[in-house]
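Dropping the structures in below, format is structure tokens.
Paired with subunit B in one complex and with subunit C in the other, subunit A is shared by the two complexes that follow.
Right after this comes the complex of A and B.
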């Protein structure tokens, strides 16, 4: 059943740009794909390892600004800035992993908020490098040439849609492989009882570092994509608000499930668009949804559905 | 050469000395009991040996290697397994996963192989699950293999802890009150199982236990702790008659009159 659902979702996503006349919906889908990359990445740290991180927006920003800075200063193309963005976000993930080895729970969460704040301040204040509040411009993705032949050209909304879709598919696949491997089981074990995990011989320190780095690297990839998609980068897209939204996606969707954060990303990206008419009440509705989800669906939407299925059978 | 040797081990929590000047040797194949009144430092010693707590002073050697500076996961990989007085388990994993998990770091293909889904890694995972199933059958848990570990009763959880330790074929198995909270028939079962661990698998056992029947029936030697110090180290029958041990458990023969002043 899972396989069938995946097939339907993939075919449906591929058909959208051809079936839907309205390019607005295609644009919303692109943003959803990028946020799926962020939320599935955060699920590794928050869902599997149980470590609350409010820094996913910072890694997203580090990816975006790495691409923008490399383009503006060195005129490098997307095919270089993409791996560079992933790499630099991953390195900063390693940096944030260090406090996570000594802190847990609220204290770690506060540290990640501090990290997020520092990154945001650097983006706004280090104007020579980041352009401050004016941001940095980007150009469209250059065609990819190999041995003088043009292999790939990304032009216009539809082709960007497919690029973002492919990136999301790769990100989900990576997260799924990690979560389904021995490492994923060890993450869950660390989440349940870290002392016991160490006592049976698991290297909890290394495993947590891997989770932080993988999570940050995925966010970096999302950041590079959004920079090219928007055609410019501004600090406001990478504030704590973004981090909190990604946390909400994971929690409301369902922790440690992979599919949960995907659903969460759809809900929290589509909802503000649907609620555009009721702009004044948006935040109230947001907050209510979070409270309801945490109170009645502690395992998120996915956990709730699973419980329903189990109750029926 | 002793399998485990503690030499003038000391553990201090702030001003409280939990273990002091403790010497202890365990020979391969022995079942050594560790008893003492509540708060005498038994569990602390178990935590020191397994690296859960760092030593304040002294030295612990296992199998010829100084393990005092090592973290618990490294000590575990050298062949020291343990159970916990207050049951511990991975509540979001199934019974089978709980028992099989300690094999993970001991599988040859490693994390990368598992992530990439190599055939060798899958084959190893299958063998690990098979091994876990054998142990579940041995400990009477076969029918619960796919249930969440949380759903087991206390007695079954104790069995799961034993299976989880056994799966790695440890050289030393530290059992922290394996019979605590068990009904009498189950206590007999634990006695039989622990004896088979040693007799059939050659596992050396350090047994912390309050249930004296278990200690008397199983142990080759009993070490008695009181206020963090070793006060006796002898055959079970002799220890039970040792005046110092009796005093530690039920107090001295005189009624103290200090309080009256």
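Right after this comes the complex of A and C.
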């Protein structure tokens, strides 16, 4: 059933740009794909490994600004800035893993919030490098040429849609592979009881570092994509609000599942668009729905559905 | 620029802003220490305190010093409502829940304020601003000078309540061990209500006083929440007295940074201090147990 659903979802996603006339929906889908990369990435740390991280927005920003700074200062192309963005976000992920080795629970959550805020403030204040509040411009993705042949060209909304979709698919596959591997099982053990996990010989230190780095690297990839998609980068897209929204995606969707964060990303990206009709009340309703979702879905949408199925049978 | 008077003026300015940080952070650290809630809507209590002051002074002509207790009481009621409706239903869950719910609450309150009061910054007009005091070459308007004085009174009051009343004893008991406190007959729900009411009132008072010096606008709570968190970390999470010292320290550090270095670093200095604290003394400058990994 899982495979069939996946197949339907993939075919449906591929068909959207051809079936839907309205390019607005295609654009919303692109943003959803990018947020799926962020939320599935965060789920590795938050859901599987049980480490509270509120810094996904910072890694997202580090990816985006790495791409923008490399382009604006060294005129490098997307095919270089993408791996560079992933790498630099991953390195900062390594940095943030250090406090996670010493702190847990609330204290780790606050530490990651401090990290997120420092990154955001540096983006706004270090004007020579980041352009401050005015941000940095980007150009469209350059065609990829190998040995003088043009291999790939990304031009216009539809082809960007497929690029974002492919990136999301890769991210989801990586996350699924990691979560399903022995490493994923060890993450769950650390989540359930770190002391016990260490006592039976698991290397919690290494496993937590891997979780933070993988999660940050995925966010970095999302950041590079959004920089090229928007055609510019501004610090406001990478504030603590972004981080909190991604955490909400994971928690409301369903922690330690792959489908949960995907559902969460769809809900929280599509909701403001659906609520546009309510105009001035849009964000008030958004905030209320966030509170209600947390209150009534303790194990997320996935947990809620599971409970329903159990109650039926 | 490098005169003694200049340094003194900067110190006084720092103590004034620091007092505001103290009031906001004390409530935040209390809510954290007793209930384990990381309340991201705390800055919204501050913001709404400012607006209650604006309404009281411009619509009803209430003088600033009389508006203060009214504003604090109003925000305390809001804090009680927030505890009852938002935080109580998720009390026994992990911290991600309360953080996200408080974010949702912050979004709601900020946008409600935007609808009700509009985006333009507003000021509490007060006759106190025309009186200025000067000593040792330092000039302060009266309503600025009142901020550290009122803060000191509130801190002492708060200390007395925590230390010498039954409510305070219950609060401290729950902070130490919720289960045993409950077994000894402490009503945890009432403690939660009292905690939120006191925390919100302190933040509301700070916002009200600040709205008479600077202005208040719907987004003003964002930065104040984050700064209060740096104070909470530096003072030791859950440590009320630590928050007092750390708040003043942050205010003075910011003031000296913008006076002698550059205003650009003003907001970042606190977070740099926090990273240092977390790297070398994760339990804060004044210590309190932390959850270790």
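FYI, the second predicted complex is superposed on the first by the 312 of 313 C-alpha atoms of A that agree within 3 Å, B and C clash if a C-alpha of one lies under 4 Å from a C-alpha of the other, contacts with A are read in each partner's own complex, and residues count from 1 in each chain.
Please note the rule applied: contacts are C-beta pairs under 8 Å (C-beta built on N, C-alpha and C of every residue); 3 or more make two chains touch, one makes a residue touch a chain.
As the structure is a prediction and not an experimental result, all values here were calculated from the model.
Undergrad: Which term applies to subunit B and subunit C once both are placed on subunit A by superposition, clash or fit?
TA: After superposition on subunit A, which the two structures share, subunit B sits beside subunit C with no clash.
Undergrad: Give one of first, second, both or neither to describe whether A:52 is in contact with subunit B, with subunit C, with both, or with none.
TA: second
Undergrad: Between subunit B and subunit C, which one contacts more residues of subunit A in the superposed model?
TA: Touching more of subunit A: C.
Undergrad: For A:191, using the defined touch cut-off, is the partner it touches subunit B, subunit C, both, or neither? Pick first, second, both or neither.
TA: first
Undergrad: Return first, second, both or neither, reflecting whether A:201 touches subunit B, subunit C, both chains, or no partner chain.
TA: So A:201 only meets subunit B here.
Undergrad: Considering only touches as defined above, state whether A:105 meets subunit B (first), subunit C (second), both or neither.
TA: A:105 sits against subunit C, while subunit B stays out of touch.
Undergrad: Here's one for you: vertex at subunit A, rays to subunit B and subunit C, all C-alpha centres; what's the angle to the nearest 10 degrees?
TA: So the C-alpha centres give an angle of 80 degrees.
Undergrad: With both complexes superposed on chain A, which partner does A:182 reach: first (subunit B), second (subunit C), both or neither?
TA: first
Undergrad: What is the minimum C-alpha distance, in Å, between subunit B and subunit C after the two complexes are superposed on chain A?
TA: In the combined three-chain model, subunit B comes within 13 Å of subunit C at the C-alpha level.
Undergrad: Which subunit A residues contact subunit B in one complex and subunit C in the other?
TA: Dual-contact residues (subunit A): 204.
Undergrad: With touch defined as at the start, can you tell me which subunit C residues reach subunit A in the complex?
TA: Of all residues in subunit C, those touching subunit A are 32, 36, 38, 40, 86, 89-90, 93-97, 99-101, 103-108, 110-112, 115, 226, 229-230, 232-233, 237, 264-265, 267-268, 271-272, 274-275, 278-279, 282, 290-293.
Undergrad: So in the complex, the part of subunit B that touches subunit A is made up of which residues?
TA: 50, 52, 71-73, 76-77, 81-82, 84, 88-93, 97, 101-102, 104-107, 111, 114-117, 121, 125, 164, 168
Undergrad: Mind listing the subunit A positions that touch subunit C in their complex?
TA: My answer: residues 46, 52, 54, 99-111, 113-115, 117-118, 121-122, 125, 127, 194, 204, 208, 240-241, 244, 247-248, 251-252, 280-281, 283-284, 286-291, 294-295, 298.
Undergrad: Please output the residues of subunit A touching subunit B within their complex, sorted ascending.
TA: 177-178, 181-183, 185-186, 188-189, 191-193, 195-204, 256
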